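We just call them A, B, C and D in the order they show up, numbering each chain from 1.
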Amino acid sequence: MSELWFPPSERPRDECGVFGVFGHPEAAQLIYLGLYALQHRGQESAGIVTSDGHTFQSHKGMGLVGDVFDEEVLRGLGGHLGMGHVRYSTTGTSGLKNAQPIVMDYAHGPIAVGHNGNLTNARAIRDELEAAGSIFQGTADSEIIIHTMSTLRLASERDALLRMLQIIEGAYTLMILKPDVLIGVRDPHGWRPLCLGRLDGAYLLASETCALDLLHAKYVREIEPGEVVVISESGLESLFPFGRNTPRAHCIFEHIYFARPDSRLFGEVAHLVRKRLGAECSREHPVEADVVVPIPDSGNSAAMGYAEASGIPFDFGITRNHYIGRTFLQPQQAIRDFGVRVKLNPVRETIAGKRVVVVEDSIVRGTTTVLRMNSIREAGAKEVHLRVSCPPIRWPCHYGIDFATRGELVAANKSVEEIGEFLGVDSLGYLSIDGMLRCMNTNADSYCTACFDGDYPVAVEGEIDKYILESDRRQEYLRFS
Amino acid sequence: MSELWFPPSERPRDECGVFGVFGHPEAAQLIYLGLYALQHRGQESAGIVTSDGHTFQSHKGMGLVGDVFDEEVLRGLGGHLGMGHVRYSTTGTSGLKNAQPIVMDYAHGPIAVGHNGNLTNARAIRDELEAAGSIFQGTADSEIIIHTMSTLRLASERDALLRMLQIIEGAYTLMILKPDVLIGVRDPHGWRPLCLGRLDGAYLLASETCALDLLHAKYVREIEPGEVVVISESGLESLFPFGRNTPRAHCIFEHIYFARPDSRLFGEVAHLVRKRLGAECSREHPVEADVVVPIPDSGNSAAMGYAEASGIPFDFGITRNHYIGRTFLQPQQAIRDFGVRVKLNPVRETIAGKRVVVVEDSIVRGTTTVLRMNSIREAGAKEVHLRVSCPPIRWPCHYGIDFATRGELVAANKSVEEIGEFLGVDSLGYLSIDGMLRCMNTNADSYCTACFDGDYPVAVEGEIDKYILESDRRQEYLRFS
Amino acid sequence: MSELWFPPSERPRDECGVFGVFGHPEAAQLIYLGLYALQHRGQESAGIVTSDGHTFQSHKGMGLVGDVFDEEVLRGLGGHLGMGHVRYSTTGTSGLKNAQPIVMDYAHGPIAVGHNGNLTNARAIRDELEAAGSIFQGTADSEIIIHTMSTLRLASERDALLRMLQIIEGAYTLMILKPDVLIGVRDPHGWRPLCLGRLDGAYLLASETCALDLLHAKYVREIEPGEVVVISESGLESLFPFGRNTPRAHCIFEHIYFARPDSRLFGEVAHLVRKRLGAECSREHPVEADVVVPIPDSGNSAAMGYAEASGIPFDFGITRNHYIGRTFLQPQQAIRDFGVRVKLNPVRETIAGKRVVVVEDSIVRGTTTVLRMNSIREAGAKEVHLRVSCPPIRWPCHYGIDFATRGELVAANKSVEEIGEFLGVDSLGYLSIDGMLRCMNTNADSYCTACFDGDYPVAVEGEIDKYILESDRRQEYLRFS
Amino acid sequence: MSELWFPPSERPRDECGVFGVFGHPEAAQLIYLGLYALQHRGQESAGIVTSDGHTFQSHKGMGLVGDVFDEEVLRGLGGHLGMGHVRYSTTGTSGLKNAQPIVMDYAHGPIAVGHNGNLTNARAIRDELEAAGSIFQGTADSEIIIHTMSTLRLASERDALLRMLQIIEGAYTLMILKPDVLIGVRDPHGWRPLCLGRLDGAYLLASETCALDLLHAKYVREIEPGEVVVISESGLESLFPFGRNTPRAHCIFEHIYFARPDSRLFGEVAHLVRKRLGAECSREHPVEADVVVPIPDSGNSAAMGYAEASGIPFDFGITRNHYIGRTFLQPQQAIRDFGVRVKLNPVRETIAGKRVVVVEDSIVRGTTTVLRMNSIREAGAKEVHLRVSCPPIRWPCHYGIDFATRGELVAANKSVEEIGEFLGVDSLGYLSIDGMLRCMNTNADSYCTACFDGDYPVAVEGEIDKYILESDRRQEYLRFS
């Protein structure tokens, strides 16, 4: 047995989910439930802040929502407004210090901020603030946002907020809580989703509609890119401080992989988009085969689309183990691909002797994929044809997705043919960029495709990785002199 | 928020999984991995006992395998033979006291016993032993087994084992560890599965073949009903102390629901059996409809079988939330069906305006099913046709499945028509007993169908429930006199 | 830093304290408080069992009373009768398994037993019971007591109790709880103390009177050696099943060291006895000196007696650190006597340049004493005269005190002169056995002095150590054959 | 049972202890041991920061040193310099957020600060910093110190330190760690102690000499009031940035109560000072009596002094329970004075029928004292004469002692005669201020006596209490506008 080991995930991981409530006597409980529905957006830490109009109550912890909160904790989170956050880290290393929402007390009183996305100029802002005497607790973007508002020294907090939004750059969906106000912000390009709901007179803000469904809440609309909604006793006020001309750059990966299949975002339902991606893939890369098998569960929708479009029967050829926790011990020797097998096991009888089309939603490093393909081959597949329902990922994401660096992206370093050889499959077909965009019925020109084509809507200096804020910015610490 | 709440599960829950190793230097680690693959058979507690040929090392805890064991614990479990157990309680209430394997030190030295099943005469044996002075720690069947062997006062432990097997009755797969011997026993009717594998010269015993697959071990054969295998340095010895004429009574529910779809048991692969059950159901209960939707994941295979046989398209109409822990807080008010919704959410766009065939593997109490049907109806289904891939469950199980009492079984108290009304569906079709047995290609006459027809292969006095061993057998405690 | 390290205690440690209540609506709370007062009698584990007349509630844990119980736990311990126990192990290794009270459910219904002392024939009884099929959970004497009662197969539990008392031998104060009865037993020699009190109509039983004082309870009398008190709704019944002729053998070490100075036991108050011991020591071993200094706090009373009788001024020459927890990390190098110094530090200005009489209550191994004497010497003492207020301990105790084996007792292997040299003191004076007994005003002929003179009132075979019940009684485990 | 309850302590509690090391390969282990010796100065939290010359390692936790650190933690604290802190809160409420040392990363790189005392202008500084945009994590004075240095925006950190020292006011002993430098500072009035030691070539800084004793370290000298020592690879540099003319204001309460009796501070050993205080008290308030009894352990030294000077015999009339943890459950009814009795129990036989002089070191609120006097009276004392070895405490302390507010100080609101009646004693004698100062052989004019006479060496605006930094400085939070 080696050290504690996190299964090497091929999955691009989105960083966060947010959920806010204004005007419900059981605000904390609604937030708690809403976070359950958004748990797929972040499993590292969870936090809730509530307010009774005057005072904040807050609780955060590492782990899943169900582990972080219990009844006693929730009872302590009184009040009729509040917000919650689930997090996987993008900027800033793990740890409770960076868990969100970040709650601080500053010149304008208490404030809490939860953030989904990645500020592309976080480092520059922080350097400037520190030089002027600001001291940071952690490395979360949310903290930079509050410090920025603080040092502006404006008499009005509203002005400080709007001014701050002109300073920060990049991808962000913000949720800000004041003792008596809930604010939602979506960056002008609209990378990350945010939607508005109503329940029993209360306002709800959520990263995805599946959280509204869980509460039987009414879905009202998406918060628009560049929109700031200020919810208070006076109702909902909508501001557009950036104007309305910024081109859209929705994260297409939300549709390919991140969002729950039952969520509606950017005007479309993820499951249906994925089925179209699979179908389009079958048109671009047809093959003679006996069965279409998904990599469960993220490949299910696309595989079904492929099967329907191609006429090749769909079957569950791989069983998913539902009881794998977040960590397990890696066997020292023997079972090399244990991390893969413990999660997914082929159903030999479905695969043996067959020509199998395997559908994956995406490939990042390729290291897990190669083990999965081996596993299918060992189960007796006569032929293995891998179909990927998105294009090759060749560029890192600067807007909040924790892809690897370029060096680690298999498609940045190998041609499709070479990848096929590396994976040991009989054929490999990636969906094309054009094919992918064709599957977006609405707003097809509104998506960010930077990870596929390197065309970044907002420029960044240097290649950002998530540890940048912690890097040795002063290798030579000033000696005490 | 009310008290800590376990989601009301409709699911019949099997009680246990066992895994044993003889002759591998990393026995504990193999067991740990094997238990991961068997986790679906019990999530309440987990335990491992190992031996270096002389001394036992043991660790047990409440919760999932990944929570109970860590690297340090596993390092402490040295030796080349051992066994592990995952448990959901059937006889005996929850708690570490009843967690298995039970390890004891008695006249024949140390012994560990893990048990899957239910002894139908446990209560009578225990009463007799207590009257003679035996004192029990808990209520697990395994403890009764050891006490029985202890009080026989035979010079040979082997004789004590074989004699004990003549005393206990009911359904059991036993795994017994001595410091230098691993023993597997399957009751003569063969209710619960047990299979034999080999890996690098070591012998493996496992409840299901999926545990062998995970380890890349070779599947050798099933342990036969009534067979006792004694594995020691001298190799594997096979005994048949009951003769070979006992009629078979395999638990057909293993195929309907319990076993992992990729496991082979009673000569068949569960996924394929389930597809046949779904197909047979479509033949018995055809309907004009637009889409076939499974209740995921247990209904997936049968739904696919129904779709293929009927020609109606299959689709994922319900999304499963993969991050639900084992407990969560139930909202006080508002969301009545939260327990259902938090796990499963309809994909409105797949269902709305459609005639939907919903496929469930089984219905026990019906209380969860009614919420699920409502949820699908609310998502806009034009018609809801429920198909169940097994017959109505009308009788409690005395052989290890934690069904409710008769009073709680919806089909014991309502006709199919009444159940359909109760569930609010447009039509309801259960698979017939004959239809079900037709799907068993092999050994079709070897299955226990007591829960469907009340025909119990081994008689029991009174209706057994899982708390019987703890019931107030002496309501009037002897006063101190 | 080496491993977790327990300070090498020179102190002979008594094993247990017990406290019982009958007839008070807040029984658990009184027990909890009583155990606080008895905490000096055992710091390893604590437990409480209560009854509402029908059902037991129980809680045990490792550690101090204040750590084991909190408000919620106490609230769960309802009922008007009950008992508690604090334990340092004598027979049986540490661990929750052996924590007391032991609660079991046997032929006569539920029973709880707490025990203070040591059964000299525990091993023989256990062997016999195991051969007949009994299975033991742990190694506590209490469990042997219950198993003995169980296997007697008598119709009346009272008969079983009285019969059991004829079987067990050695030193014991027992407290037994039945759902509606509280029983106290003191062995016929009366080694360990037990007293009776009343509070608001309720009966109290306690190891020492200091527990009654804490509750403002009325002290009634000591339970007599050989007495069995049965307390029930009918009141208190007193039995003398052994007759009244057994010679007394009170543990004189209770007076020398164990009991709290404010407790009255065996007819005397410990603090006053200790002052007399110190005074007698000054008469037997006078010396010209400038100051008398106690080893705090156990030497305080004797030192004061020495000072008063000799006319030499008393002073606090050693400071005790009150914040030492039970374990601390031992520095790898450097500070050899850290374990001693961290607890006790000389006040240099009180000692330097003086002729110092140091008073210790007793010396067991001598290894700590030598470090203490060094420490005083280093603080500048001109002369160090050690006076010990009891005789040399030359024999192990078989009646419940965890002295070392003979090999470890410094006085069993060295003459007093040699000990003085070993300790590096200018003179060493132990109190004589006769001198010690002269200090007992009452019952001077009623004390056990076996640890000083080897005259054991009840014989034991072989030298008992506390691990005997766990020793490899079957080095060669019966092979499975 | 009511809620978790902290025993109402009459004791004035000093807030903190600090310990630093420069130049020892096992720095963390020395600090750990040193903190053990300083544990009496703070039991709420403990922390250690170490450095290898470049990087900090840090660990803090709530509770005692022995609970916060274990071997693994200490192993992780590598390096040859470092500092530790034990804390009871003065400014700032409890909680890990305020646990010290405070470690931050700011414009001059990493810095750690530990603080003992109370800044009288902390609030004003903080308000100013916040208005300028600084954001605080907690309310500890240490954080204010770092923020002040940060916002000075000086190129040299040394300049920032010296400039900061001109800004802060009040009582402080500071310990500052940079990656390669250890700095000790004592405020110019010298309220809190700090001493210098050497061990194996390493430099040590400690709040009290008892920490040096524990390590067998050599005591060198006290750090002088107003002195800054900078310890680096170049050795120890001593600065006097305040000049040397500030009048001394040593906290006389360190001698009366806080310091360990074996510690030397302000040129004297506490135990000897206390004996003189008791003796002086006997001269000021003689009485005919039979026995002098201390309230253990803080009254021990003074009681001994009283007894020696008066000729009345000293005796241990009250037993202290050594096993009281930091919290216990308060019984709902019944035992009113449980909090007192559980800690201290009179030895009836020492007191009954006697005229008793009881010696306390000080009285703050008087609520505990009244219970203690009752307890002695109930034990049968014929007369109770209370002698207090310091003057009446009439004024709150602004320099770091957590006295109550004036309203709670019994001597601020009652005459000595009234206090005597309130306590129900036969006579009450407080030592006079002059008498107290006579007992200080050295520097008798150098002590702060503000708590007795209200003569505050450094002025403060308003009455400071320890929650001031958390008070609602903006009752009306700026609305979001």
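Methods note: a residue touches a chain if its C-beta (ideal position, glycine included) is under 8 Å from a C-beta of that chain, and two chains touch if they have at least 3 such contacts.
Keep in mind that this is a model prediction, so the values were computed, not measured.
Graph distance from subunit B to subunit D, where chains that touch are one step apart, equals 2.
The distance from the centre of subunit A to the centre of subunit C, with each centre set as the mean of the Cα atoms, comes to 62 Å.
Per-chain Cα centroids separate subunit A from subunit B by 37 Å.
One finds 50 Å separating the Cα centroids of subunit B and subunit C. Inter-chain contacts, as defined above, occur between A-B, A-D, B-C, C-D. Those residues of subunit B whose C-beta lies close enough to touch subunit A in the complex are 1, 3-4, 26, 29, 32-33, 36-37, 39-40, 43, 64-67, 69-71, 74-75, 200, 210, 213-216, 260-262, 269, 271-272, 297, 300-301, 304, 308, 313-316, 319-329, 331-335, 338, 341-342, 345-350. Interface residues of subunit A facing subunit D in the complex, by the touch rule stated above, are 54, 104-110, 130-137, 146-147, 150-153, 156-158, 178-181, 183, 230, 232, 474, 477-481.
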